[in-house]
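Chain IDs A, B, C, D, E and F follow the sequence of writing; residue 1 opens each chain.
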């Protein structure tokens, strides 16, 4: 699997907050990691202000302590999923803000990772401006990373697919999955990663049910209304770009 | 390739008029046929009234003569593409009409062919009511073919993908391709089939240019703005149903 | 509650197949019934051909036996939910077909029930032509029921809201809920009704999870990302018509 | 204006019910008539069942009397607008139904009139199934009228634009105007035609206000937020097909 | 009404320019104020550059004089409507610009007001970049105001509905009302407030007609095509978030 | 043509990168120039980083040399098309960035040119963040240019139409043309301009085929499926704003 002539494939996940990659793409990460892929996860923020209510309710809490706690959770989850590299940009959240240098850093990561595909948030999310902005910036940085004149001489990014992972209220976000991924073989790892998110225990079972119901969709779409391939846990994704294939 | 333990895969194309399968899916048909698939084409009509202007301008033309000419063209094109079975329903066109028995016949074909995927028209087409109705009926018949109580004891259809092939003015039809298929290896066959359509010579070069420009899109989407896999001819398709996969 | 000066309010559910009203609106039915509403359910078919795979796999099964079994299940479920009147049109399914007389019968029911609101399927469903057609016909019949010249002298229908209940794959159907209903107080009844559907046991837990996750959405939308009103089970609905209110 | 070498241009309006052409396109009709065009109006029904509530509230009313009253109103309105030919198909309403012969009759009218443009209803209308069906059938008949093999030897229809006129609740119908027509010069005629609709007096001022507010939109779009061409009354239309031009 | 155990409810209107809250939400403001609600209005700018053409046409006009005149008009209108608090951010217009501190100020207002609902502009407006940006920022600030880690210890915002009020050309803005509010009881106040806008007299009757026609929609949707509750003036709103209810 | 009482009309093209105006609007430019219009082209950048891969592959290339080469190409193309004024903002690309002063400069150009119409990019382009941002800024600057209080005393912009020219993958960008322009008379000039783009030779034939296929659409929409006005080369455009007309 480490044959220098065939280096492992790689994927890149860009997560607005520290936990998004777990709920929304933990199965995809663990599955590809288990197949020998190198999966890099970028957390633009720790979700320290907007997704850490439980921590903030503790007396004497400070921003640094919240960030440290969230970082620790994310790191444990990354280990559980087999993440190759977890990169925390620590840009702040609610609102997330990225200046030119931050974007250039993300461009560098894209070029370094050279992913076969990328994963990020839905394009629209009226509940969460950070999620929307993340995808907008991912598309902008993908363009820049493809530019031969950006840091000339560096390795130019190809045309990796961008999959949008599942948001919390799919219909409100206008998110429509076109791809269901069977994550049954790695479900234990995803659940373990989910349980690292101690501050959001109310979501553990929510996202377990999401995975179970997406498995129903997987089965139904693989074999019709009265059959199909067995699947216990699945994740859904929406593709931004068309696929290029040699067979339908 | 005819190992009884691994029968060839099959695909089903449903074409409102005799020539649609050539312009819009000729490459997909020829490519899969060349890989050993059995591709069945259903022509619901010959396009005898609405797509045969050149024939009708000849003196003394009759409906039967037009239909015979169109059937002959379709048969020659089918041979050129390697179609396994060409089934002409001869239902009339402009407007195309299907009663319950016609639909049941299409259900039978779906079950007999047991396709890995199906191909048909865009869901909307203000220029062509026959095209819209065809896709609506294909979806209805797909449902019926999946019903265990329809002709009980027969083989129930699974959940084949339905790809919508390229309409004539894509943007007006709200058609958005999500899949580009490289048809370079079989382009000669598609062009040969196209040239069987003597009554619509004005479209030969139009659809050749479509294939060339879709190849540009194929290349661009396989490798970014300054590279990608070489491709000379391609076809685009829109998926109706989500894919179920084991790897992104 | 039976004061003749204030007759109970009424609602009307139109279900393409015998089980749809249970999965998709059982909570709304039970909740309003518990508040003293008269809820009428119309089942256009029993789903005897397309949603009874388990029965058809039994040896010697016939259409009549399937219909009888499905009718019995629907009747038990209706009792569990407190349905005021269950009306089975027995029109056949996959495909469902309604002629002018069938539509007039539905118009009569609408006028007789005089509902404060109606419930039916999503407007689009590529998996299920019966579902799509049902909503289209419900809208057509609503128009007819409002026509003073239809059976003149009869009671003309007002302008009841039409809520579209939750389809099986919401995103594929383009269904977007704008209303979440807390069904916690009547969950036991809905679950009991669900368990009447013996032929579709694989869906019992699926729709339980749907109700649990919609409850999360209820809570989140009633109080933000870190709070909100407790809710254990909910159902989602999409409104077709605007509301008319005296307060925002 | 009746030079045989330059026959007047013609337009065709297809109205589901007897009054639709007045509220929604009366200005366009009168304006083109005043310029010497021959404008033909087809009323598929009189709106006798669904749009004649006021008449039905009179004692002893019958369907024939309602139809006669509605026909008389439509005829007077047509005269007021300068309609060249008013053709009443008398197909019944709520629901409007058209069989193959009715459609063929509409095809004949399209070919006879040979319109430079056609006008009909919005594509979607959840309040009014007749409106939706009318536009669907107009598109179908437009296709048939263009077919060389339909009644071969007859004059084949060209490619007239189809404008969708303004429905009653534009936003609910998904109707988006792309063309505002200044009808100030013929407003008196439109108002006179409106006042022929005695059974719907509650709409006289409604549609007068629509015309006044569309005039504001006309002005604003002809000259920006602080100016523009004066216009007192206007109508809005949505184009189905692209324009073909020699200058932008 | 000032029982300390039941403080009055509150609402928050965010208006890009000084007059928007009058045309688009004046009725909602006056109605809720009349019911004892505290309605706060934030004007991000005075519309001094882009919506004051009449003033700028006067000789010797300066930016400060325009702003003073617009502020005075807004204040008089606020009094007429019963606004609890009018807050002018004075950020400049065409283009409106908000930096991080401006956004934080809006977050503070949201938390202070603790509104049961908020009102702002349509999500899209090709005529007016300020309108679009306002709604985008309102959503961003709503997220921030909900974040426990933003100014920890402060009162965190719940999940107030955001209603989008009516833009000037609804169809071009993709705005679709789902709620009609009867403002008949307070129409005199709205008209009085409208007449405070001396610089835009050309819009007084325009928005009066809007209110009259929305009243027709109110009536029609409360009782069908031939009846419904009487209503003389109404306003329309589009909800961003789903409702959570205990009864349909 | 230079009668001072009837100055030539003018148009304004805003192009994100130096070559966009050639591929996407070269025909419209040349056609109107040939009719005596003054067509101004603004290139916000040279596309030096993102659209000059061929140049960057040359050894020793620098940003300045790329920009010089791209500027020279754009200037030659402008001459070929008959552009009145080519203005290079030189703002950098991938990502393109515009601050307040850059926007004010574009506002000045809009007012100076006083165009009858403007041309720019599609509203959405996931492949190219620069394209999306350009159109967003064009709309913002159009608003500002219309504001009487922006640089008071200057000539205020009217309400010019904004046409969106054809992007590279129309369906992915959600671009839908509503206007086809016959550019046959000036095709030679457009092709000559295209051939000035030496760095993107792979697109010469691509955009020639686009023009040929749009000509087919022009013909088809001017005369139906079996006829129409001859046209060899055309361009397609999408209108942002409604038209105001005196005749349909």
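We adopt the following convention: a contact is a pair of C-beta atoms (placed from the backbone, for glycine too) under 8 Å apart; a residue touches a chain by one contact, two chains touch by 3 or more.
All values reported here derive from a predicted model rather than from experimental measurement.
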| item | value |
| --- | --- |
| Furthest chain, CA centroid comparison against chain B | E |
| Most widely separated chain from chain A, with each centre as the mean of CA atoms | D |
| Same-interface partner of E-F, chosen from the options D-F, B-C or A-B, over half of the pairs matching | B-C |
| Whole-Å gap separating chain C and chain F, where each centre is the average of the chain's CA atoms | 53 |
| Gap in Å, rounded to a whole number, between the CA centres of chain D and chain B | 37 |
| Junction residues of chain D - those touching two or more other chains | 50, 53, 127, 146-148, 156, 172, 177, 217, 220, 225-227, 241-242 |
| Contact graph of the chains (line, ring, star, complete, other) | other |
| All pairs of touching chains, each written as two labels joined by a dash | A-B, A-C, A-E, A-F, B-C, B-D, B-F, C-D, C-E, D-E, D-F, E-F |
| Contacting residues of chain E [partner chain F, same complex] | 48-50, 52-53, 56-57, 61, 63, 66, 93-95, 97, 126-130, 172 |
| Interface residues, chain B side, partner chain A - complex | 11, 28, 31-32, 35, 117, 146-148, 156-159, 161, 163, 177-182, 217-218, 220-229, 231, 236-237, 239, 241-248 |
| Residues of chain F that touch chain B when the two form their complex | 50-51, 53, 127, 168-172, 175-177, 202, 205-206, 209-210, 212-213, 216-217, 220, 225-227 |
| Chain E to chain A touching residues, read off their complex | 100, 103, 136, 139-140, 143-144, 146-150, 152, 156, 162, 240-242 |
